[in-house]
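The structures come next, written out as C-alpha cells.
You will see chain A twice below: alongside chain B first, and alongside chain C after that.
Take a look at the complex of A and B:
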C-alpha cells in the first residue's frame, strides 16, 4: 500500500475538519476513515484507494455504545463491533434477525475488529472492482465487466449500469427492522431511513453505494421497538465456514394467531442495495403461512429478477430461502 | 517513497546467493528503514492530549507484545503482522504471512485477548493495547494446553496454519473451556488448513478443553 499519514482525532469536530467539503467529490479519496479496517486495509493493499491521510476513529468518545431503551428501541453506534452485536443476549431477545446477521458476518477475527459503521459502508466485493488493473465502471471506467463476464456472484435485481451486490449482512436485517441512520457532516446532523441510505447505481453516483457526502460519516443506527415482531436472518454461502452471502433473507413478521398482520422481507447478496421485497410483503398480509402463501411470496419477491449468464441459480435459491424463513417463523 | 517498507516488503523474492528467507527479510527490513527519511515521532504522541495524534513517515512506537513493552520503528502503513515479523527484535515469526487479506487466519494474534487478523491491523493502531502472539502462549517445555493437545493429536501436517488455529482455539477455550464441537468450529471458522487436518485439530481442541477443565477443578 502507498504511504499515508495516520491521524487519530480525539473529537468528532477534529474528524470533520479533516474531511473535504460537502461537494468536493474529487477530494473524497484523499482522506479515508478507519474504524475496524477490515475493508479499508484490503482496499489500500489493492491500491483501490490511495489516501494521503487515514483517520482512525477508534479513540473517539461515545461512538461504541450499544444502548437498549426502555421502550424497546435499540441504538447501535457506528464503532460497535460485530462481535459485540453477536454476543449481546439483549439484542438476540429484541431482534434475533440483527444478532443472527451480525454473527453470520465473516469470521471471529473479522467480527472482533469490524464495526457496524464499516459493515454498512463497506465497498463491493465484485472481483473486477477488487482487481487493481480492472478499470470498471465502479472505478470511473466505461463498463461493468461483470455484465458480460464472470458474473456468478453478481446482481439479479436492481443491476445496471453496475451489477455489484451489496456485501453487508447487517444491512438487510437493519432495513427489515425499520432502522434509521444518523449522519453527521460539517453542517450538522441528519437522519434518514436506513433503506434510503443505500443507493442503486442507476440512482446515485455509480461510484458510490450510499448517500454519504464527502464531508459526512455515519454516527449510529437507531432501531425502533421490535415488540410483537418475530424475525430471522437466513444466509446461504458457497463455503459454509465463512463467506459473503450468495443470497440472504432478513424476514420479520407480526403474527396474530397464525395470520400475518405485517411483513418485512429484505434480500441480501442479490442486488446493489439491500432489496426490499414490498410486493411479497403486501401479499402476505391477512394470510396464514402455508404452501400457497409461501409460493406466492417467493414468486413476488423475485418479480423483475434478470439473470446474467452465470447467476441464474440465485433466483430459485432466494425463493427457497424466503420459503424456509417463512416456515421457520410460522 | 517506494513500497519497500510497505506490505510487500515481507514477500519472498527469488534471489541468487545463499540468503535464507529469514536473513533476507531481516536485511530488507533494515535497508528499508535506513533508506527512509521520516520524522521520528515517539510513543508520547499517543498521550492524553486533546490534540489529534499525527504520524508521518518512519515513526517509533511502543507496543505491548507478550507482556513486555517493545519500541519498534514502523510506518503508519505497516501492518501488525509486518511489525511482528520484521520490526521486532528478535523477530516474532510465529504469526504467518499467507493471504495478507484477512482470509486465511495464519496471521491470527490476540489483541486485548481477542483473536484478530494481524495482516488486517495497522501496527500504529495497537499502541496501548495488549498484543499476544503464539510465542506468548507457551514455550518449548512449557506448552499451553492447546499447544500440548496439538502435539498429542498430531494436529498439524505442514504446520503453517497451526499457530493461527492455536490462537483461535486458545481464545475460545479461555472464555469457555467446555466449548462444544460446534462452538469450536465456529471459533476457528476463520482459519484455513490446506492440508485438511481439521478432524485432528478439532480432536485436539476438545482434548485441550478437557485438560483446562481438569486444571480448573484442581485450583
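Take a look at the complex of A and C:
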C-alpha cells in the first residue's frame, strides 16, 4: 500500500475537519476512515484507494455503544463490533435476524475486529473491482467486466451499469427491521431510512454504494421496536467456514394466529443494494404460510430478475431460501 | 504414465551377496520405479509389531510445542542483522515484450538493490521480471511501483479452449497441443466398443488446483560478500538448495549451507530455489547484505506452480454381467506453459481392451509442478465417475461392479478394502446401491467410492549419523527436511526405540546441508528412504556401544541388550550397567555411528479405498459431506498420529479440491481473478466431515503412504452426489450452481 499519515483524532469535530467538503467528490479518497480495517486494508493493499491520510475512528470516544431502550428500540453505534452484536442475548431476543446476520459474517477473527459502520459502508467484493489492474466502471472505467465476463457471483436484480452485489450481511437484516441511519457531516446530523441509504448504480454515482457525501460519516443505526415481529436471517454460502453470501434472505413477519399481518423480505447477495421484495411482502399479507403462499412469495420476490451467463442459479437458490425462511418462522 | 515398472521382473539373476529390489526414483517430485541391485546383508529389523514401544505408537510431534507457541522459526521468520526485504515485480500480462527502466526505483530512498530477471519476452502471466531489495518491506514495494515498465502485448491464450481454436496464438512455437501419443491405432478398442452390450461415455474436467502452502515460496540469503553463504529455504529438498544458490552467488556449492529448520508445506512445489530464490541471490550479491525474499500470496498463486487441470473424454463398453469390455480415453492435460503430469487412464480398473491417448495443451500461464500424487486425483475423478455410470447403466451394485473389474494381482487387496469401506460407511443399509435416488425428497443422502494406488518406495540417498555423548545425551543427525509431516519425530523415536531410551532423551537435528545427505521429499519417498537409514545408524551405534561395554564388563557384545535406560547381558543379567554410566565409559569423544538405507526395512506399493457420504439439499444445491472413510495399507506405520494426519489431511485436501478449489482466469483480460485466499476457496474447519482413517495390518517395512491418501476423496464425493440426487457433475468443483442447473436439467428430461 502507499504510505499515508496515520491520524488518531480525539473528537468528532477533528474528524470532520479532516474530511473534504460536501461537494468535493474528487477529494473523497484523499482521506479514508478506518474502523475495524477488515475491508479498508484489502483496498489499500491492492491500491484501490491511495489516501494521504487514514483516520482511526477507534480513537473516538462514545461510538461503540449498543443500547436497548425501554420502548423496545435499539441503538447501534458505528463502532459496535459484529462480535458484540452476535453475542448480545438481548439483541437476539429483540431481533434474531440482526444477531443471526452479524454472526454469519466472515470468521470469528473478522467479527471481533469488524464494525457495524464498516460493514454497512464496505466496498464491493466483485473480483474485477478488487483487482487493481481491471479498470472497471466502479473504478472510473468504461465497462463492467463482470457483465460479459465471469459473473457467477454478480447481481441478478437491480444491475446495470455495474453488476456488483452489496456484500454486507447486516444491511438486509437492518433494512428488514426498518432501521434508520444517523449521518453526521460538516453541517450537522441527518437521519435517513437505511433502505434509502443504499443506492443503485443506476441511481446514485456508479462509483458509490450509498448516499454518504464526502464530508459525512455514519454515526449510528437506530432500530425501531420489534415487538410482535418474528424474524430470521438465512444466508447461503459456497463454503461454510467463511464466505460472502451467494444469496441471503432477511425475513420478518408479524403473525396473527398463523396469518401474516405484515411481512418484510430483504434479499442479500443478489443486487447492488439490499433488495426489498415488496411485491412478495404484499402478497403474503392475510395469508397463512403454506406451500402455495411460499411458492407465490418466492416467485414474486424474483420478478424482474435477469440472469447473466453464469449466475442464473441464484434465482432458484434465492427462491429456496425464501421458502426455507418462511417455513422456519411459521 | 510416469510410474510404471520398467519390467515386471529384475533384469537378471542377482550377483552373489546381492539382491534386486524395486525402488522409486524421483525427478522433480514425479516418481518412477526401477530395479536396483543392493547388498543382501543382515541388518537391523523393525521387530515384532506388538513389541514396539515408540515406533508405530501414537507419539505427538516433538516440535509440536515449538510450533503452537510460535517459537518455531520458519524461513519467513528469519531476521538477520542488516537484512533487506525484497519483493518481485510480476509481469501483469500473459504474453508481452517487456522493457524495464529501473532508474527511478534505484533512486528511491531506502531501496538498496534492484535487479532485472532477464526476460525480454514473457510467456506466462505473473512471471517475476524484476526484484527490489529495500530497508523495509514497504519500501521494497514502493520500489517495485517506481519501476517504469512498458509491455508490448502479444496475443495470448489463457484457457485450454482458447489455446485450441483455429488460429490460436502460439504459446509454444511447436504448437499448443503437445505430447501427442504415438500409438493412434484404435481399431481394437473400437471393435470392442462396437460389440459392447452397453455403452457409456462422458467428458470429465478438472480445474487447475493450487498447492496453497501456508508458507509461501522463498528464501533468506545470508551473504555479505566473501566466500560463504547461508540460505534459509522453504523447501522440500535441503540438498536442492546449495548448488542452485551457489550458481547465482558465484560461489561453489560447498560454500553454501542450506538451513531448513521448519517449513510450511510444499505438496510437491518446492524443489530448488526457483526464480524467487534466484532473485534473492542476485540481490544479495549486488548489495552484499542478507536478503529476505518470500513471495506474497498473489505471487504464490501466479508463479509457484499448480496441479494441472485436465479433460478426460472417456468411453466404455460393459457387459450386462458387469465386465468392462472396452475402454477408450482421450486425456488432454492443462499444464500451463509446461506439460502437466501424466493422468494415467484407465486408472486402476482393468478393462479387457483399453486405449488411452495422452496429450497436453499449452496456455500462457504458470507451468504445473508436482502436486501430491501428480496426475492421479485427476484421473481418478474421471475413471471413478465412469465406473458408477457403467454400474448404473446395467443396474449393478456400485461396489460389486468395482470388484469385478479390478486389476490382476490387486483383486484381493482392493476387494477387501472396498468391503471395509462399504461396511464402515453403512453401504448394506443404504437404499440406493445400484440406482440413484430419484425421489422428490428435499434432503437426500448418497454414497460414493474411489480407489488409489501409489509407489512410495525408498532409495539409498540418505546418510544418517547417531551420536552418543559421554554425558548420556543422544543426537540423530540428517540433512533431511520436515515438511510438517513428522520426520523429525520419527528420527528421534526410531533411535530411542533401538537404544532402549525414552523419546525425550534423543534429539533430532535435521534440515541442514552440512549434515548427512538426504533425498528431496517427493513422490512419498522420504520415510521409506530415511527411516531405514536412521534405524541402521542407531543399530550401528548400539553395536559400537556394546563392543565398548564388552571390553569393560566382559561377556560378549552380541549377547548385550538394552531397555529402560539399562544395558545388560541377556545371558547373565547380573552383568548390567546404567545408560549414564555406560556413556561415561565412552570417554570425552563419545561415539558416532553412521547409517545407510536398508532395503529390507522399506517396501513399496500402496493401495487404498475411500468412501464418502453426502447430503444434498435439492432446493439450494448445497452439498454437505457427512462422512468420509479411508482404508489403506501403509507398511510399517512409523507414528500412528502423524500417519492418521496424512490420511485425514488427504481426505480434507481432496474434499477441498472437489468442492471448492479452482483457479479462475478471465480469458479476455488475461487476468487471474482469485489469486488470494478469499476468492480461491479452501475448505475450512466447518466444511470437514466426520472422518475415519483405517490402516490395514501390513507386515511390510516402511512405505511412503501420504500421496495415496489424496487421490480418491473428491471422486467419492462426486459419486455420492450423483447417488444422492441423480446429478452427475462432470466438472469440478461441485458447486451449488452446477448442482442446481443439473437438477433443473434432470427435471426437464
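The rule is simple: the second predicted complex is superposed on the first by the 330 of 330 C-alpha atoms of A that agree within 3 Å, B and C clash if a C-alpha of one lies under 4 Å from a C-alpha of the other, contacts with A are read in each partner's own complex, and residues count from 1 in each chain.
Operating definition for what follows: a residue touches a chain if its C-beta (ideal position, glycine included) is under 8 Å from a C-beta of that chain, and two chains touch if they have at least 3 such contacts.
Note that the structure is a prediction, hence the values are computed from the model and not measured.
Of the two partner chains, chain B and chain C are each touched by A:3. Applying the stated contact rule after C-alpha superposition, one finds that A:152 touches chain C and leaves chain B untouched.
When both complexes are overlaid on chain A, the residue A:246 reaches chain C alone and has no touch with chain B.
With both structures placed on the common chain, the touch criterion links A:320 to chain C but leaves chain B unconnected.
In the superposition on chain A, A:23 contacts neither chain B nor chain C.
In the superposed model, A:44 lies in contact with chain B only, and not with chain C. Counting contacts by the rule stated earlier, residues 1-3, 107, 241-242 of chain A appear in both its interface with chain B and its interface with chain C. Listed in rising order, the residues of chain B touching chain A in the complex are 1, 3, 6-7, 46, 49-57, 75-77, 79, 100-102, 105, 108, 111, 114-117, 119-122, 124-125, 168, 171, 185-192. Against chain C, in their complex, chain A makes its touches with residues 1-3, 107, 125, 127-128, 130-131, 133-134, 145, 149-150, 152, 236, 238-243, 246, 310-313, 316-317, 320-321, 323-324.
The touching residues of chain A, when paired with chain B in their complex, are 1-11, 14, 34, 37-38, 41-42, 44-45, 54, 56, 58, 83, 106-110, 112-113, 241-242. Remark: chain C residues 92, 138, 141-142, 617, 619-622, 659-660, 664, 666, 668-669, 671, 673-674, 678-679, 681, 683-687, 735-737, 740-741, 744 touch chain A in the complex.
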